[in-house]
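Quick one: the structure is below, questions incoming.
Letters A, B and C name the chains as they come in the text, with residue numbers starting at 1 for each one.
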Amino acid sequence: MSSAVASAPSPARETAQGGRSSLTRSRIRAAWIFIAPTLIVLALIAGWPLARTIWFSFTDASLNNLADYEFIGFENYVANYDGEWFGLLTDPDWWHSVWNTVWFTAVSVSIETVLGIIVALILNASFPGRGIMRAVILIPWAIPTVVSAKMWNWMLHDQFGVINDMLLRLGLIAAPITWTANPDTALWTVVMVDVWKTTPFMALLILAALQMLPGDIYEAAKVDGVHPVKVFFRVTLPLIKPALIVAVIFRALDALRVFDLIYVLTANSRDTASMSVYARQQLVDFQEVGLGSAASTLIFLIIALLIVITMAAGRVRLSGDPR
Amino acid sequence: MSRLIASFTLAAGLLASASVSAVEISISCSALGKEYEICKQGVDAWAQKTGNTVKIVSTPNSATERLALYQQLLAAGAGDIDVFQIDVVWTGILADHLVDLTAKGQGEIGGHLPAMAETSRVNGKLMAMPWFADAGLLYYRQDLLDKYKRPVPQTWADLTETARIIQEGERKDDKGDFWGYVWQGRAYEGLTTVALEWIASYNGGTIVDEKGEITVENPKAAEALKTAAGWVGTITPEGVLNYTEEEARGVFQAGNAAFMRNWPYAWALAQGADSTIKGKVGIAPLPKGGADGRHAGTLGGQLLAVSKYSKNAEAATDLVMYLTGEAEQKRRAVEGSFNPTIVSLYSDTDIAKANPFIGDLADVFSNAVARPATVTGQNYNKVSTEFFNAIHQVLSKRSQPEQALNRLDRDLKRIKRNGWQ
Amino acid sequence: MKMLTRIGFWLLVAAVGLFSIFPFYYAIMSSFRSGSDLFTIAYLPERLDFSNYVAVFERQPFGTNIFNSIVVAGAVVALSLALGITAAYAFGRIRFRGRSLLLMTILAVSMFPQVAVLSGMFELIRAFGLYNTLPGLILANLMLTLPFTVWVLTTFMRELPKEIEEAAFVDGATPWIVVRRVFLPLMMPAAVTTGLLAFIVSWNEFLFALTFTLTNEQRTVPPAIALMSGSTAYELPWGTIMAASVVVTLPIIAMVLVFQRKIVAGLTAGAVKG
């Protein structure tokens, strides 16, 4: 391989010429070798479960007897028996859960992005105690969700919860708020806990992006006397945008699949159910593997659609090259 | 100590394996904690007696997570757990994966509480054996009833009135966060048990009757719901709409409520050394719907069942029969306050000495209402989910009782479309 | 003015810190309390009672659970980073046909709800004979961390200037050497960050850990906490659960304190002259 490299023309010219030099070829071969292990692992662990879920969505499988099922086409999605409509697409509960999820994702990811940037900028500044601060902001992300959701549930209790007590003492509210019990405030409460929990994820990724920026651009801006806010919007933000968008995409992926937070805070309430809560209910509680798989497949399609839209809006270059 | 027992068991097992072929049985009987200890003592005694070994598999504390885990294991036909501890409403859901115990248990089941025996049967076959019972109870503050000179309420109307009087009085005495009545109102299985108590106490049926007919849309059920919805925001904090057992106990045990609906477990804790209401608490059957209503507590509790995929079903069945037998249930009642399912144990003097209120419970259990789990079989969770969501809508005043019950009736009929099974 | 900015900055730091840490502080405080204390509010611990901590380790093999979590999370991070960095180099630095499609496919793995893949994964793990073993869990958790690792590292890889590897290639280095010698040091902040995030994802994973293990000795921390109960199934052993949570959060904090230097150590302005 090394002899091929030595005789190759410089890569800068290779695309212009459109020719496939031996260097390009050897690099492409290397690319496939490098990607292969990841693809094999993912195909191995994800391929079968995902294909199986999609297949089951076209069957009437039940958790009671997974070996015995029939292919029923799209009946899990929409079907008409004796003049009455059945199936996922006709279920108002499903559409309500879709709406809840999308709303939750849009609100919480937006807040987390803004807060994440602010926190990352703080951590990027140099001040005494910065190392400890980095550990401190990561704590919410580090507590297992099974525990932190329950912890919040307790802290938000209307009668003996510490949050109400604090707000009452500070005089910010006049009467205890029923955070999770009232359908009107429940989703906002879920958003608040989610922001608390996952802002560190955003902040840390943005911080890494900030750290990878070359320092000399700031020097130049400083010399020119540009206002820091202007520097941020004109220089920093465009430069960290690719990393920011990846962080947003993965946060959105997680938020669109939100389950345990909503489940612990408000149980199976229809008012706050997310798509995953709905799918889990069908799959596990109701043992409707067919219908639950159909819901999961729809979740997959909805998420894929939203992610593609996000990418288009953010003009993400999937096939971008190094700068 | 437990290590000593364990090595004894091991030694016994080794000895026995020389003569008969000893097997290892695994049982899921608890999360960790005191329940685990009691269960361990029971299975160890059986192991010593029979020469087999028993492994306890701990499963999550939360019922939903536990059911999900069971279903995963059983759906894959995994024989890793031989004996399952199941909730009374799971028999129909899991029946396809369980061993029919009719041959072994038929002789015994007659001595158990009829309602518990009923929950163990699916299509007439005995798929599980009752292990311990639970039922909804009314907890009240004796000191406050004395203070305001009110009797223990016999009907919901009494309770509403008494709770209002006490709440107003206590609030005047500078207890601003005092409430009349707390219960479980979260959108989960617990709300089904609570709301079923209201409806049954008004003679409004049990959602679906024994023949499988949907009966929930009736004026008595609507009346019951109207009463309950009237409590929210007046004698019951609005937050109750997200309370489970522990949140309700929290308000009551901190001395901030006059009445509470809860399971028997709260008794020992309310009377515990660090409780603010120690010695001031009483329990009673839940009130009746009216003069012609009935006292109705929903039946809870746990059963033991044998997995169809068990490689040692014979020994596993034997273990189930031992654990649900009279001697073991008595031991559990004395040492762990688990309420027996065998009727004769309610007049046992040793148990009465350990749990003075066991006599009161006998009535509650024999009058308890069962959730319609047997008749709806695998559809029970769907029925229950539709039901508690409809109730939740009424309680949060987003729907009128009649309208909610009408919609519920329609939704249940959709579920029943091809019959329940 | 400068004074005002500084005060504002510190106020912001304090606010962020307080918001992050208060629930954890409350958890620590609750871990010293028990019984009815659960239902009363306190802002300062009345006494330092470590009995809940003792109970956590006495009632179950919690030390083993922590060890399992460390093994699983450690292996998941090592595998994710090893696979992720090599794949990211290919995706970020080499132009080849099907690249976008492959990246989207990898992302698609993260688009199914976890519960939907659970039973397929369960069959798979049993088929491999990995049920109730740590390798089974490691494999399952890779599904959660690998797409994320590949994507983040690819993005960072792409952001590095074009000229970086050219000199090395001209010197006759193989792509493997380029990745190790040139990119690995430059990618340090990104790798440490993604590694840290992947570690925590795996550390906190509950559903797979609960379903794919059966015995207490094989369980990781989150299901172990879910197994804790009071004297009856209804009672919530709050003090013990809080003590357990504090115990499992400490290793993460320690790790962040150790690794946080690395988050900033890698790239300096001078290193990327190209």
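Miscellaneous remarks
As a working rule, a residue touches a chain if its C-beta (ideal position, glycine included) is under 8 Å from a C-beta of that chain, and two chains touch if they have at least 3 such contacts.
These are the chains along with the protein names UniProt gives them: A, C = Trehalose/maltose transport system permease protein; B = Trehalose/maltose transport system substrate-binding protein.
Computed from a predicted model, the values in this text were never measured in an experiment.
Of all the chains, the one whose CA centre sits at the greatest distance from that of chain C is B. For this structure, the chains sharing the highest number of C-beta contacts are A-C.
Put simply, the C-alpha centre of chain A and that of chain C have 15 angstrom between them.
Between chain B and chain C, the centres computed from C-alpha atoms are 38 Å apart. Each of the following residues of chain C touches two or more other chains: 38-40, 118-119, 123, 226. Along chain B, residues 75-76, 250-251, 254 each make contact with two or more other chains.
Across the assembly, chain A contributes 63, 66, 160, 284 as residues in contact with two or more other chains.
Those residues of chain C lying in contact with chain B across their complex are 34-40, 59-60, 118-119, 122-123, 126, 131-132, 210-211, 214-216, 223, 226-237. Those residues of chain B whose C-beta lies close enough to touch chain A in the complex are 64, 67-68, 71, 75-76, 93, 96-97, 177, 179, 185-188, 237-243, 247, 250-251, 254, 256, 378-379, 381-382, 385, 388-389, 392-393, 396, 398, 414, 417. Across the interface of their complex, chain C is touched by residues 30-36, 55, 57-63, 65, 69, 72, 75-76, 78, 80-81, 245-246, 249-251, 253-254, 263, 265-266, 268-269, 272-276 of chain B.
Listing the residues of chain A that touch chain B in their complex gives 62-66, 81, 84, 86, 157-160, 176, 178, 180-183, 186, 266-271, 281, 284-287.
Per the touch definition, chain C reaches chain A in the complex via residues 9, 12-13, 16-17, 19-21, 23-24, 26-27, 38-41, 43, 79, 83-84, 86-87, 89-96, 99-100, 102-104, 106-121, 123-124, 139-140, 142-143, 146-148, 150-152, 155-162, 164, 166, 169-170, 172-176, 179, 189-190, 192-194, 196-197, 200, 203-204, 206, 221-222, 225-226, 238, 241-242, 244-245, 248-249, 252-253, 256-257, 260-261, 263-264, 266-269, 272.
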